[in-house]
Amino acid sequence: MQKFGVDDLRGVIAVTPTPALPGAAALTARDTVDLDESDRMIRALVADGVDGIITNGTLGEMATLTPAEWRAFAACVADAVSDTAPDLPLFVGATAPNTRDTVDRIRFLRDLGVRGVILGRPMWSELGADTLLAFYRDVAGLFPDMAIVLYDNPEAFKGPIPSAAYAELSQVPQIIGAKYIAITPKFGADMAAVGDRLRLLPLESDWLAAHTLYPETALGCWSSSALCGPEPVLALRDAIRAGDVGAARHLTRRIEWTYEPFLARTNFREFSKYNITLEKIRFDEAGYVTAGPARPPYHVVPGAYADGARENGRRWRTLVGEVRGRNS
Amino acid sequence: MQKFGVDDLRGVIAVTPTPALPGAAALTARDTVDLDESDRMIRALVADGVDGIITNGTLGEMATLTPAEWRAFAACVADAVSDTAPDLPLFVGATAPNTRDTVDRIRFLRDLGVRGVILGRPMWSELGADTLLAFYRDVAGLFPDMAIVLYDNPEAFKGPIPSAAYAELSQVPQIIGAKYIAITPKFGADMAAVGDRLRLLPLESDWLAAHTLYPETALGCWSSSALCGPEPVLALRDAIRAGDVGAARHLTRRIEWTYEPFLARTNFREFSKYNITLEKIRFDEAGYVTAGPARPPYHVVPGAYADGARENGRRWRTLVGEVRGRNS
Amino acid sequence: MQKFGVDDLRGVIAVTPTPALPGAAALTARDTVDLDESDRMIRALVADGVDGIITNGTLGEMATLTPAEWRAFAACVADAVSDTAPDLPLFVGATAPNTRDTVDRIRFLRDLGVRGVILGRPMWSELGADTLLAFYRDVAGLFPDMAIVLYDNPEAFKGPIPSAAYAELSQVPQIIGAKYIAITPKFGADMAAVGDRLRLLPLESDWLAAHTLYPETALGCWSSSALCGPEPVLALRDAIRAGDVGAARHLTRRIEWTYEPFLARTNFREFSKYNITLEKIRFDEAGYVTAGPARPPYHVVPGAYADGARENGRRWRTLVGEVRGRNS
Amino acid sequence: MQKFGVDDLRGVIAVTPTPALPGAAALTARDTVDLDESDRMIRALVADGVDGIITNGTLGEMATLTPAEWRAFAACVADAVSDTAPDLPLFVGATAPNTRDTVDRIRFLRDLGVRGVILGRPMWSELGADTLLAFYRDVAGLFPDMAIVLYDNPEAFKGPIPSAAYAELSQVPQIIGAKYIAITPKFGADMAAVGDRLRLLPLESDWLAAHTLYPETALGCWSSSALCGPEPVLALRDAIRAGDVGAARHLTRRIEWTYEPFLARTNFREFSKYNITLEKIRFDEAGYVTAGPARPPYHVVPGAYADGARENGRRWRTLVGEVRGRNS
């Protein structure tokens, strides 16, 4: 029934933007998804060997696509995956301002044949711990065959998923993983809470540390940098799997080097205000995908932050070159 | 062109819920708006003499209505006002996760003949000060004949509207007011920033203090308690207008007394998690409007908070009796 | 036994700096208190008619005086008051990193004949609500004849005094008042909690609003601006007492005007970092007291903030002129 | 000249309490340091092989010792180290409410022959980044032969040490290390900022992760758990040095297991309110040192937190048994 389980969540899960046509930042623009580039992006990721795909989180513009655009993009992604790698774990975002709109979105995805969803919380009002549990359980209860990855972003959703909630949610069979924000003192408690029932996916640059402590369960990572070109993250995956700590460390520190000029590493709250544009800028600079303009209102960004994003994209391109040179 | 200006924003602006039919808390429920009760509610407010109406903020379930429900409620409210008091300042909520969806909502309202909107910010990502300004200016620019009331709720929208932004926004002719959250040290700075160009509307229990300091401009208030029965707030208005400080003080302190058991006064962040249900509970208890169940996910509420809301509703009913007794 | 009770806490309670000799900002300086100026300052305040004096809060450099300096200043102040107005309510600061050091400080004050103390909390670790209650009760229990004014500064002491704690503390006879930070939604709850047993003293510019709502109990204010020259605050007191709302409003808004360039009004957290120097700068500029340099580490201040403080001092001087002109 | 440099900061740096005599929680108690137990504690740590000692941070009751008690304890510790391991890196706390009191404390330590100090910031008012830099530089400038370890505790000192400040402070020769709070996204940026000039000491349970990424510089850790019995942490050190990742991981996860019932891991802000008592409770339960009662005001603690601390102490004792069994 349920196509994807916790064991299907391994390796590099790429987190994609929603490519936009020129002019997409205009208030009057509609149907702004660049469907050709979207299709090409998915096929490239599949061809290059990522182990899963997440769409429509924050940088994937879940909040700024019109409903029609979201549907068009979801259909495009579903087609591209079904055409090239029908068993690849694909998790399309369905976060909405309330439960019923989320239910309608998931129903649409199911009708497309999509069997995985990534799901943040309604965020107009912060959810109390009881409300948070009820929300995820209610949705899972309606879709017994849909695999759910929790989207745990404390800035977007006004607070972390508490460790006690992780323990409860890990008992729900459909909830198989979480896009986990960052290694903090809470990470160990959350790993203990979920055991082997729910995959906590750290950021790629946290993966080696997580794997060092939890080699049995820290088996995958998420990466939006993979959309700057996946080779460095795939090389990191191979090094971790091979037990080559030296190579994994080298790659991790080179990835950290690309992040130095990027606001995300130094001030996550400030970054969260400009996240979408900054990610799209670095993608465009790196050249693996043409992400295009950010949609309003998140198309405004201070110049210094934009410069840092561009430098991050350039450094990632350099790193791709290093990895290719080493592989050849 | 623009029907409502800052001078139309005076007196008591009632903030309404969106009445729900039985069963509205179910995930599978659709078309849950109790349109008969909605119509009755608006006509009652008009008949009782409120000076303006705001719908679809937080407690008005902007976030939890489906798009179809929001349209049905807006049409019902617009009809009831047009039928009874076509010149009454009416501000329907149009907050959405992004600018373009907000634009579509306002366009729908304009086609209904509605000429006022209350507008919070997209809140998935916090808006930087620059983004906030661009957002409101962009929307105002598209709708030259629509009056905009800012919805300034720092919990919902992840931060206050800075005083400097108030100064800028007060220069936009369409932006005529703000539903202001509470008197804090920032209030004086914001009053200075907006001058007589933009009406800052405090909560009814803050109105006397605001009016004492700013008798020329603090000419109105917002009140969701008016939906427990408007007489006490209307009596407060009349006392303030008559310069009867003793009566205004007495009413203010009796209103404060009704709030004592209500979470809103003692812990706004915690209240914000359960706001919608708690407001609906007290409305139902007071009996002026049948608000019905809250829609998911915000239908979960701790029992002690619910008890406090009920007691608040009972106290308000008592206060209505006191005011009627005095008036007769 | 207890010299001062809640009824002695009325009118304008001036909050003083600890005047410093030239060179006091040096790490090697010791015995930096300008005792002549301290004596003159106290005698001037008494002669000009303030209703009480508070020393050694944040701007009074409780944290940055050496123990010997604090003792010297306390003795000087005690002498000057005893010599000129022995029944004037005087509250010397005795906040320390722990309870026992506070006890030793209060014992020293009592031996000087001082019968009032203003007391913040130990702040290395935030006090839980239970610890906070135990702290104040324990100290009061040791000093049955000492009147205590709570120092409620949420930035300095890592959190507000909760309303429930105010209710409990108001039952302790020695605890007669609180230097209250600012009018927020919590103010009404705190007024209800303390009744007429404990005087909440708002800032002078909040006094009119507080008095409008609570004319029986909002009978006094604190003012550090009084150290820029007390006339405007004394005139405000007289207007409030005379029921002259127009004059009180005018004075309040002129005081607000002096604060416009002062960081304190617009960003209290940022202000708290530079508080001490900024207050001393405006005092020196206004010219009523020579406050002298701030002691390390709080002698560092960004230039723009300093400019704002100077402008605040100049405006206050202008306001003193206006009040004198009106009185003459 | 300067006895200790960055290269002397390696291995396990034990963080000690200040043992208290029975009755030390009384407000009237003075001279409460258990000097015999203090002497025994230091000698035991030296005999058992720790690589350095830190005293008088938060749990070491820097804030709650009277000045005389602090001096007595410092002299006792200095004697015990000088008698047993005169070259052992010893860092005595000298944090005070202001710079000049800190200077006096360090001068006292220097006269005792102590050549290392651990130094937090004055915390009545939060230090701006400029003030923070000036504070540490000013102190270092007065004591050219004293090695300084920064005490980086964002709860106690109202904010983290920013990465840019770490970069600047790492250029001061006397500043050789930092007691670092926890691995967060900022850790990589801080490691890059300080290079090999300043040793960032993570908590023992974070050490393996830090060492995996930074094997050249993550050469030591701090541990207050070592005062429950140092064997597990020393075994972890030996495993890390030997490159035995399996053993290091096993020990790290067993240490995490001891922390499960301890508030510190799950809610650091709440823990910070009760830190001192909770640490002393677990030390007393584990039995390696008799820490005795906490001094006021921090002697108040909720029962459930105390139970968790006791269980932590019991688990650590179990872990000591496991390590001894393995070693024998």
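To keep things simple, chains are lettered A, B, C and D as they appear, and every chain counts its residues starting from 1.
Here, a residue touches a chain if its C-beta (ideal position, glycine included) is under 8 Å from a C-beta of that chain, and two chains touch if they have at least 3 such contacts.
Which protein is which chain? UniProt says A, B, C, D = Dihydrodipicolinate synthase family protein.
Bear in mind that the values here come from a model prediction, so they are computed numbers and not experimental data.
Student: Give me the chains shared as neighbours by subunit C and subunit D.
Tutor: The shared contacts of subunit C and subunit D amount to nothing, since no chain touches both.
Student: So what's the Cα centroid distance for subunit B and subunit C, whole Å?
Tutor: Centre separation, subunit B to subunit C: 38 Å.
Student: Counting in whole Å, what is the centre-to-centre distance of subunit A and subunit C, each centre being its mean C-alpha position?
Tutor: That gives a centre separation of 52 Å.
Student: Which positions in subunit D touch two or more other chains at once?
Tutor: Within subunit D, no residue contacts more than one other chain.
Student: Pairwise, which chains touch?
Tutor: Pairs of chains that touch one another: A-B, A-D, B-C, C-D.
Student: Spell out the residues on subunit A that touch subunit D in their complex, using ranges where they run on.
Tutor: Contacts found on subunit A: 163, 182-186, 188-189, 192, 205, 208-209, 212-213, 215, 245, 249, 252-253, 256, 259-260, 265-266, 268.
Student: Using the touch definition from the top, list the residues of subunit B that touch subunit A in their complex.
Tutor: Checking each residue of subunit B against subunit A gives 27-30, 58, 62-67, 97-101, 103-104, 121-128, 130-131, 134-135, 138-139, 142, 155-156, 158, 269, 272-276, 295-298, 300, 302.
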